[in-house]
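Two complexes are shown next, each including chain A; its partner changes from chain B in the first to chain C in the second.
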Partner chain A sequence: MLEAILVVAFGGALVSYFLGRWTSRIRDYFALGVWIAILGMTSYLHQIEPKISTFYPGFLGYDLSLRITSLSWLFAVTVAAVSVLVIIYSFRYIKGHEKRNLFYFLLLLVNGGMMGITLSGDLLSFYIFWEIASWSTFLLISFNRGKALPAGLRYVVMSVIGSAAMLVATLSLYSSYGTLALSDLSTHLATAGGGYVIFIFLLFFVSFGVKNAIVPFHTWLPPAHSEAPAPFSAVLSGLLVKMGTYGLILIFYLIAGMKIFLGLGTGIWSFHYIISALAGVTIVVPSFIAVLQDDAKKTLAWSTVGQAGYIVLGVSFGTGLALAAGIFHFLNHAMFKSLLFMSIGTVERKTSTRDLNELGGLVKRTPVLFVVTLVGAAGLIGIPLTNGFFSKWMLYKTLILEGNPFLAFAALVGTWGTVLYSYRLIHNVFFGQLPEKYRDVTRTSFSTYLPMVILSIAIVFFGVFPGFLLGEINVVTTSLGFTPLDVQLWGISSDSGTVNTLNILAALAVVGVMVWYLFRSSAETTEVSQEDSYTAGAPVPQGRFTYTADFYRPLEKIIRPYLKDRIEDFYGMLVGFVGVLSDTVRRIYTGYVGTYVAYILALLAAVLLVQLGWKPW
Partner chain B sequence: MVNPALLLAVPLALAFLIPLVRLVARGVVKWIPVFAMAFNFIASVLIIPRALEEAIVTEIGGFPAPFCINLVAGPLGSILSSFIALIGLLVAIYSFDYLREVPTAKYYTMYLLLLTGATGIVLTGDIFNLFVFFEILCISSYSLVAYQGNKAGIEASVKYLVQGSIGSSLLLLGIGLIYGQYGTLNMGDLAGKIEGISSPSAFVPLVLMITGLGVEAAIFPLNAWLPDAHSSAPSSISAVLSGVAIGVGLYSIARILFTVFGGTALLETLAVIGLLTLLVGELSALSQDDVKRLLAYSSIGQMGLIAFGLGLATGEGVTGGLFQLLSHGLSKALLFLSVGYMIYRSGSKKISDLQGSWKRTPVASLGFAVGAFSLVGLPPFIGFPGKFLIVRSALLKGELFYTVLVAFVLFATVVEGGYFFRVVQIIFFKGTGGRRLKREVAPVSGLIPLVVLMLLILIVGVYPGLITGLIDSAAAELTARSSYFTLVMGST
Partner chain C sequence: MVGMKIAGIIFSPIIGVITGLLLTGAARKMVARVEWRYGPPILQPVIDLIKLFFQRPPSHGKTFDYGLIASLAGSIVLVLFLPVGRLCPLSEGGGLLLITYLILIGPLGMALSGGEGANPYVSIGISRKLILSLGYEVTLLLILLSVMSEYDTISIFNVVRAQSENGWSLFSWPLVIPGLAYLLILPAILGVKPFDVASAPQEISSGPHVEYGGKYLALSKLEGGLSEFIGIALFVNLFLGGWSIPGSLHLPAGVLGVFLGVLVFLAKVAFVFSLNVTVSASFPRLRVEQAVKYLWSWPAFIGLVGLIIVSAL
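Moving on to the complex of A and B:
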């Protein structure tokens, strides 16, 4: 079954490429069919006994294997579900682009690679699928030309550095313990010395941190996510970044185990606390950088960095509630961020801009798009009765309970930033004056709306019934050695506090009735045109009269000086240094043959002299 | 059963037959190298199973060793000669349409001589014979580099000639010193007679020989001829020079160092020099704007990586080095052949002029991407197992020194990724610069080699087990000195 999933995924990628050369319609439906089949197969594996199957015996002396556990199932099924939706969304989006077949091929390849990552039973398979996903991601990021090229290059160079770190860590584990199977390694690392564990952890942390865009490895993400084609931005933000999260959970809790992970160092100098602190920085700073962006997709991209911070904070904090919150937030983020990238992608396709200062007033032109974006933004902020509320609630709860006011405050401040940029996004795109040039914006097709509507329903559904997901997450955290949480369909209860969506629903219903009654009892309403609401009945002036530039000017004045990206400058310096080095080294080859002959004779003389003098050989 | 001597006799004879055939039937000429290399490929593949059981020692002229000139077709020799024949065959097919305007008869003669030289180097069991084949290889390369007759080609060729001749003289000096002391030129015999390399009488000839061979093997700092030569030659020749010739040079260094001298003490130095070569090659490639020079510098880097693998001196390190030798040969041949097409269509070697190649030459563009990804070491291409084996064996040594070296190797990989990914982006995603580019149908003879190479890179990348078994025994042959001696000299 596990092998079948991968065969279908990778075979499907190849077949859809060749189908596309024949007819594009069949290719679209074929790709969709492939991923619906994968989703079906993956769901079928729900709560199956953990099992391992070798799919490739003897690859360079290793047996490559696949493995399913409750943890990998949860990630795999998310990958499959989001992939299905993204493929539906791509139908319309990619029409009219060049190289459509290549797009589908690469998209399916990335998704297949991610299935492979989640289902890998040993670190070598993990590495192989990881690399396949990485290089196809690079090609997809570069897909849109122009500014996408440097973005893709930046991604791939950082990704190669991450993979190199992972390769060293993997092979080092092999040379120490003679095995790479995840199930065997967990028994071995328990006996390793602290220094060695930290060495391994750091290498893996570089690798997964790059993918998960944890500060200071985040610099690739904003340009990559904003320049990629919209369907792929959804995959990137919703899924691919979270492969880093999966890897972190794998290393910290599955291979090393909770005891080792939480036992490195003490107090604020413990390993997991330092990572939590980094995650805290990752929440706060990028969330406010997102506020200052004028590019809608860049806002979302920086928001992904910030939200990834919440997830990593949950994973690294080290309590059962925090881990559950981290995993829950990963699932939620996959839903709302894919949704937001899809909706902004649709806006961009309709208006051919994503500059927040240009857009406006689209609410009447595309009401469905407005509603789904609103739901997505609500989830992102974490408004009650959307899914984001629960994961954040759990995270705050455990941070406060464990006595970490600073981290809790960081999480809270990050949410302020989230509120600000989400509001700006909604406002600048949908409200305000409708610019003349967008008067003819039409609604988009069913296949574009469908995935967004499904996602927004999911956001609300899991916001009202978090128990569906929390039940699954509970199985995962329990399997990693944490005490189970008390989860109900309507919420979660613990000694320290209970949250129940029934109460919230009731409150909402009461308020709703009150508001409705208030409106009913007030004066008659009259329909006015969109512009009228801005001029309060006075004649509508010609041209533009609502401006959205410098939206948060006072705030910007205060925070801008603190948000200078020194890390990016530092990387720029490194790249510059390598460039200078390269130019210097190149000068060894002077182009003058006399020098070259001198090199030959000099080497000969040097070796002979050394031997005569010191006899090292 | 094929006599290994035929692997040399057939292409050599056919090479000199070409001018005659040209007088009779002009159209047949281009088929001769194809025929010769097809024969060589089939024959050497047929030899492999027997060579795996026991190396085939052919004593030419019927004299017993050490007096004869002998050929030793062990696992390593037969694998490498099949590999040379395979690349030779594919490039010969590629040359059908690649060379339209130039006089082809001389080209094919030289081309066959080059491959004969390379095959001779990997099969011979005699160091003077090694020198002779080396000269055949080098002299034909000098003339092929200048084949297009333009200024850059001739300049590169002369530079290559100067440095190559110095290398050859050093090699000959070394051989003379050896002969003067031990009275034999037979590698097997020498393997039995030379004990250790610390005495000047062994060390000096060893260093002379390695320096001489190092010029051809593109070891830093002996490789300054390479970027000019490989970038000015016709692309088909660059493919052979980069894919085969320098690899063969490195093979002969390994053979001399491991088998003849048993110079294990020098191996750490080889690893360090390999690493230096790797770093210098990759860093220089980073700032190139001529795509063929970029590939040439990348070849330098890859040779360094292979030397690093060989210098690790563990069985697996040598396996990794040899695997990378083959993997680099396939990938670099693919890269040069693909680039040859793109340059032919765009008329410029500048990287920035390759934009839009995806539209003009889709198969060649795909070939470039596959070759580039393979060289960077990404799965599922053939470069991944090669790099993986080398890194693994370095880490398995468990010494801090080698772990640090691995860090440098991986840094070089990042640099390599940096420039290769940039070119891939330009080829696929840069757009066409506003021009409308017509897609031209590529000739079949150009597509066959590209497709075959791509498939090989992918298939062996997914199933490295297809060749690691062979390479393991080849590595064993290379490092087991005493059994080589018994093999050649008999069990006396």
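Moving on to the complex of A and C:
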């Protein structure tokens, strides 16, 4: 079964490429069919006994294997589900682009690579699938050429550094223990010394940190996310980045185990606490950098970095509730961020801009798009009754009750950054007067809406009934050695404060209906045009009577000096230094034969000198 | 117990709405007296409200309507999660963390509704409101975290109960420090002068409310009164012991005790509110960046010191 999934995934990618040369319509449906089949097969594996199967015996004298656990199942099924939705979304989006076959091929390859990552049973096959996903990601990021090329290049340089770190760690583990199977490594690592474990952890942390965009490895992400084609941005942000999270959980909790991971060092100088602190920085700074962006996709990209901080904080903090919150937030983030990238992608396709200062008034033209974007933004902020609320609530609760108010403060302040940029995103795209040039923006097609509507329903559904997902997550955290949580359909019950989503829903529904009734039963309203607004008697200007540019200007003036991306500057300095160094080295090759003859003569002279016994006088 | 819960569900929003309205009326009267005027009757907001419900207003679309409805509904739901005296129908669940998120629904609903109004004054008002909120939230979060860490709970109900046994937080060490910080940011939370940057009637024509008339204005006034009530009620619950009386006095049990508890609570709300009205009557409006600079200087510093001391002890 596990092999079958991968065969279908990679075979499907190849076949759809060649199908596309014949007819594009069949290619689209074939790609969709492949991933629906994979989703079906993966869901069939639900709560199966953990099992291992060798799929390639004797690769360089080493057996490659696949393995499924509750953890990998959860990630695999998320990958499959979001992939299906993204493929549906791509139908319309990619129409009219060049090289559509290549796009589908690469998209299916990335998704297949991610399935492989989640299902690998040993670190070598993990590395192979990791590389497949990474390289096809590079090609997809730079798919649009132009500005996308340097973005892709930046990604690939950082990705190679991460891969190299992973390879070193993998080889070191192999030379120490003679095995790379995940199940065997856990027994070996239990007896390893603390120094060696930290060495391995650091290497893997660099590798997964690059992918997960943890500060200071985040600089590749904003340009990559904003320049990639929108369907792929959704995959990139919702899934691919979170393969780093999967890797971190794998190495910290599955291979090393909770005892080793939480036992390195004491107090605030322990390994997991330092990572938590890094995650705290990753939440706060990028969330406020996102507030300052004028590009809608760049806002979302920085927001991805910030939300990744919440997930990593949950994974590294080291309580069962925190880990559950981290995994839950990963699932939620896959939903709302894919949705937001899709909707902004649609806006960009309709208006051919994503500059927040240019857009406006689209609520009148595309009401459905507005509603789904609003739901996505609500999930991102964490408004109660959307899924993002519950995962963040769990995280805050454990941070506070475990006596870490400063980490909780970082997480809560990050939420305010989220409120600011999410509202600005909604306001500048959908509100204000509708400019003349967008008067004829049409509603978009069914296949574009369908994935967004499904995702927004999921966001609300899992916000009201978080228990469905928490039940699955509970199995995962329990299998990693944490005490089980008391999961109910409406949340988690515990002595130290519970939140009941059904109470909130009931209260909001009843009160909402009452207020609505009061609203309906009082005097009638008359609908007026957008030009009919208050200007203290002055005539209303047409089209651009809108306040969008520099929306947070008073705030910007205060915070911008503190939010310079110093790490970016540092890397820039590094690049400049390497450039100067290489330039100096290059100067040796002048291109004149005379110079080279002079080099040869000088060398000969030096050799003779040494031969004579270094006695020039 | 069930009866009290139902009573709480019915009465606490009503108490909240009425108190909110009366407080705005009282504030106008008090400001008038400070300025040596006679001022309107205290019931003036109620009279205005009734009148407004019968006027025929213009509407700018569906979001314009439903955003406002969601805003008022969100604020009413929030009151259900706050202890109002001894009426605390749902406040055992979720606690302070839920409140920090539920408190967003009111302003965001109003912002969405105003946004469709397509008026720059609305947008400027919302932008200022969000910036100001960021300004005071930094301090408020530090304060809330201090309280939660000190009492080792996330439930606001437990915080109030602990104070009825051990005395008010505002007069206990080390919570007096975050309490002082809270007093410093309270005018900003309430949006009264010198922090009325978001509405600023003389400057941006009441900001988010500029497109509202008739029942829209009525609902937004209800929401405004309610959010003032919520802002003060949170302070009274966290630092002034909710329903509890200082010293050796204890409220009787039963319905009378509940009734007296609500009265004590409302008396504290009125007292704190009048303090803020005095501040409001004596200062001119700040610009929004001045307000943020103020909020991030002394109040945030005191809040940070408070959190450090609380977590160190």
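Operating definition for what follows: the second predicted complex is superposed on the first by the 578 of 617 C-alpha atoms of A that agree within 3 Å, B and C clash if a C-alpha of one lies under 4 Å from a C-alpha of the other, contacts with A are read in each partner's own complex, and residues count from 1 in each chain.
Assume a residue touches a chain if its C-beta (ideal position, glycine included) is under 8 Å from a C-beta of that chain, and two chains touch if they have at least 3 such contacts.
No experiment lies behind these values; they were computed from the predicted model shown.
Q: In the superposed arrangement, does A:18 touch chain B (first), chain C (second), both or neither?
A: Once the two structures are laid over each other on A, A:18 reaches no partner at all.
Q: Touching A:142, do we find chain B (first), chain C (second), both, or neither?
A: first
Q: Let me test your reading of the model: by the given contact rule, A:361 touches which partner, first (chain B), second (chain C), both or neither?
A: The answer is second: A:361 touches chain C but not chain B.
Q: Which partner does A:58 contact after superposing on A: first (chain B), second (chain C), both, neither?
A: After superposing on A, A:58 lies in contact with chain B but is clear of chain C.
Q: Examine A:389 and indicate which partner it touches, taking first as chain B and second as chain C; both and neither are also allowed.
A: So A:389 only meets chain C here.
Q: Mind working out whether A:468 is in touch with chain B, chain C, both or neither, as first, second, both or neither?
A: Neither partner.
Q: Figure out whether A:611 sits in contact with chain B (first) or chain C (second), or with both, or with neither.
A: It touches chain B, and chain C stays clear.
Q: Quick check: in the complex, which residue numbers of chain A touch chain C?
A: 361, 363-364, 367, 370, 374, 381-384, 389, 393, 396-397, 400-401, 403, 405-406, 408-409, 412-413, 416, 419-420, 423, 426-427, 430-434, 496-500, 503-504, 507-508, 511-512, 514-516, 518-519, 522-528, 530, 532-536, 545-548, 551-552, 554-555, 557-558
Q: Tell me, which parts of chain C touch chain A in their complex?
A: Contacts found on chain C: 13, 53-63, 65, 68-70, 72-74, 76-77, 80, 90, 93-95, 97-98, 100-102, 104-105, 108, 111-112, 115-121, 123-124, 126-128, 130-131, 133-134, 137-138, 141-142, 145-146, 148-149, 152-155, 158, 205, 210-211, 214-215, 218-219, 287-289, 292-293, 296, 307, 310-311.
Q: Write out the stretch or stretches of chain B touching chain A in their complex.
A: Against chain A, chain B makes touches at 158-159, 162-163, 166-167, 170, 197-198, 200, 203-204, 207-208, 211, 214-215, 221-222, 224-225, 227-228, 263, 265-266, 269, 279-280, 283-284, 286-288, 358, 373, 376, 378-380, 384-385, 388-389, 391-392, 395-396, 398, 403, 406-407, 410, 413-415, 417-418, 421-422, 424-426, 428-431, 464-465, 468.
Q: Which residues of chain A touch chain B in their complex?
A: Listed in rising order, the residues of chain A that touch chain B are 58-60, 99, 127-128, 131-132, 134-135, 138-139, 142-145, 148-149, 152-153, 156-157, 160-161, 164, 167-168, 171-172, 174-175, 578-579, 581-583, 585-586, 588-591, 593, 595-597, 599-604, 607-608, 611-612, 615-617.
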